[in-house]
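This structure is in structure tokens; I'll ask about it shortly.
A, B, C, D, E and F are the chain letters, set down in written order, and residue numbers restart from 1 in every chain.
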Amino acid sequence: MYSLTVCDHIMIAHSFQGAEFGPAQRLHGATYAVEAEFRAPRLDHLNLLIDIGLAKVELRRILDTVDYNNLDVLPQLAGQNTTTEFMAAHLHALLATALREGVMGEGGRQVTSLKVLLRESPVAWAAFEGSV
Amino acid sequence: MYSLTVCDHIMIAHSFQGAEFGPAQRLHGATYAVEAEFRAPRLDHLNLLIDIGLAKVELRRILDTVDYNNLDVLPQLAGQNTTTEFMAAHLHALLATALREGVMGEGGRQVTSLKVLLRESPVAWAAFEGSV
Amino acid sequence: MYSLTVCDHIMIAHSFQGAEFGPAQRLHGATYAVEAEFRAPRLDHLNLLIDIGLAKVELRRILDTVDYNNLDVLPQLAGQNTTTEFMAAHLHALLATALREGVMGEGGRQVTSLKVLLRESPVAWAAFEGSV
Amino acid sequence: MYSLTVCDHIMIAHSFQGAEFGPAQRLHGATYAVEAEFRAPRLDHLNLLIDIGLAKVELRRILDTVDYNNLDVLPQLAGQNTTTEFMAAHLHALLATALREGVMGEGGRQVTSLKVLLRESPVAWAAFEGSV
Amino acid sequence: MYSLTVCDHIMIAHSFQGAEFGPAQRLHGATYAVEAEFRAPRLDHLNLLIDIGLAKVELRRILDTVDYNNLDVLPQLAGQNTTTEFMAAHLHALLATALREGVMGEGGRQVTSLKVLLRESPVAWAAFEGSV
Amino acid sequence: MYSLTVCDHIMIAHSFQGAEFGPAQRLHGATYAVEAEFRAPRLDHLNLLIDIGLAKVELRRILDTVDYNNLDVLPQLAGQNTTTEFMAAHLHALLATALREGVMGEGGRQVTSLKVLLRESPVAWAAFEGSV
């Protein structure tokens, strides 16, 4: 199985609902370093898993829907605790849709699974992986 | 599949038995940067895979059983070559037990698999992963 | 010249005033990985530059004044654009005061200069360094 | 499942064929930081997955077949676009053969799968994993 | 003294002249992760050392003069061994000129010194620093 | 001013004398990732600050005097608390001597200052820098 990973990052504000979160119930923020890992069983005729340029552009377009925002007030995230693990799944869904729609070219259509990993600090990160 | 990883580190002394180990047969030591990756198929009602605070505390409690020690003289490791891969499995067993006993809350009981990775230097690391 | 560096991190929300900031004028946030580098021309009788335990505790106490907060509403930062470079100097001043007051022991009083570096993303960081 | 990873790096020149590659059609180069992850279900009597010394030597020997070279003119890569994902599979095949031939000792024969990951920049990497 | 650092990277081919270079006399290549550190004694009225957006754009513009190229055939580098330390100084000169010409705004004119660091591999890097 | 840095690592055991060290009074150990930064005001006729191959070999030779050892029993360190900051200065002295003796070639004689940095964990490191 082949994999190709591209990285980017976002800077967001948010707060959490639930006493379990302690001080994280206050409005605070995070830099999420985002890694999108595309997996496919074979390469195309150019020896590419996916067009890395298209992948970076599409990842950026998707990240722009939340970057430099307060997640607490975004309609698409209403009522959700935007934990790192939740955001990994949220971004995974958006990227998976883009792959299925062919936004990342024919190579993107060959991607069978996808992992989105978000590093929130030097000592904690979360991911969601699943088929496309 | 979701995953959440928390990190910590330990500083230990040890030596190895067996000519295969060359200079590592002498008493030496290592900083192990430890990554514990918890995996679960779903999040709880707060969008948490596991309570990250509880996970860090429990990881720390388990690491304290070996941290700042000479592994050669610890009873629980008697007769073992404490290679990085062995120590990954040793810590995995302790964390898996804690998960099953509910020490990491209800979220911890939903964890289906666990990976413990130990970085021994910038150029070598080992891990053990398995179901909980 | 000797130096000793300890690290920690904070997760904050904030926004910037000024058209130059573009999308960063919106409420967003950051994880700042914080590195505090203490410099001294000699070590004490124990071969320590500074008691690393005391240094970590004091750095943590100082970071707690801003961690998990919206910097826009903190009284001590009122009217300031809390850029990374500004925050480095802000934390530098707090740590330098602690050093002068002896909170970090006699070793801390021997520290002649201090550098505080904040990493805001994988591709940008800022620092302030100066005498104590 | 146990895993053990060793790292090294190579510095190569190459160019790509195909308009999709844009400026990368020009002769350019890359540092590939190479990670070889060996996986096995159990350890040997010394608590080793594989002899890490032998693994490093063999990885180095294999990397020397391409290190400090222009990949465009190497006979074994003739007619191939030497993308990062392709090179991961190329090195995987060489390492898997070495494992099967016993070059990495009896431990190496117990390795059931292998992942070779190449980091081409701070924001992109590719890998190939498969059974041995 | 304040500092602000922004990062980018380039992928180049080159070869070296001189028996001292051993296998590096062959055409090979490198990914250079580039860090540009701007230093100034004070911040502007917005608490900025330099407009980070302008700095990234200008760094990118300068890197484009060598990125995805064979340095051996670039006129501006003719007759030079393009070692990492030499390339750090070469890029330093281009960035320093841009600062003096005001390309990075008024903030850029306040920059008193500049350090350009190039990481060529996980175990080696070089830098040039000097006044602007 | 130019600088060139090469990296390596050592794995040592040791213990500390003094109640201030708490649990670190027990025999434990550390992986020290070692960075040696050589500085010089100019490059040689090959555009080299120092022969990087010679520098790596000499750094390795010096590290071998302590690598895979219990520092508590090494004669050259008798009676010393081998703190990270002390070890940085100890290795600095050995490297500086090698430079002055010409072991690293004519380039090494042009080195005017040297910094040796030891990373003991992901959150702490120490260094010693001084003229050669």
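The rule we apply is simple: contacts are C-beta pairs under 8 Å (C-beta built on N, C-alpha and C of every residue); 3 or more make two chains touch, one makes a residue touch a chain.
The model shown is predicted, which means the values in this text are computed figures rather than measured ones.
Looking at chain C and chain D, the chains that touch each of them are A, E. Comparing each option in A-C, B-F or B-D with C-E by residue number, the pair that reproduces over half of the contacts is B-D. In terms of C-beta pairs in contact, the better-connected of the chain pairs B-F and A-B is B-F.
Taking each chain's centre as the average of its CA atoms, chain A and chain D sit 27 Å apart. Inter-chain centre distance (chain A to chain F, centres taken as mean C-alpha positions): 41 Å. Among the residues of chain D, those touching two or more other chains are numbered 7, 122-123.
Chain B makes touch with chain F in their complex at residues 7, 9, 11-14, 23-24, 26-31, 33, 67-70, 120-123. Residue ranges on chain C touching chain E, taken from their complex, read 16-18, 20-22, 80-86, 88-89, 122-130. For chain C in complex with chain F, the touching residues are 1-8, 43, 46-49, 51-53.
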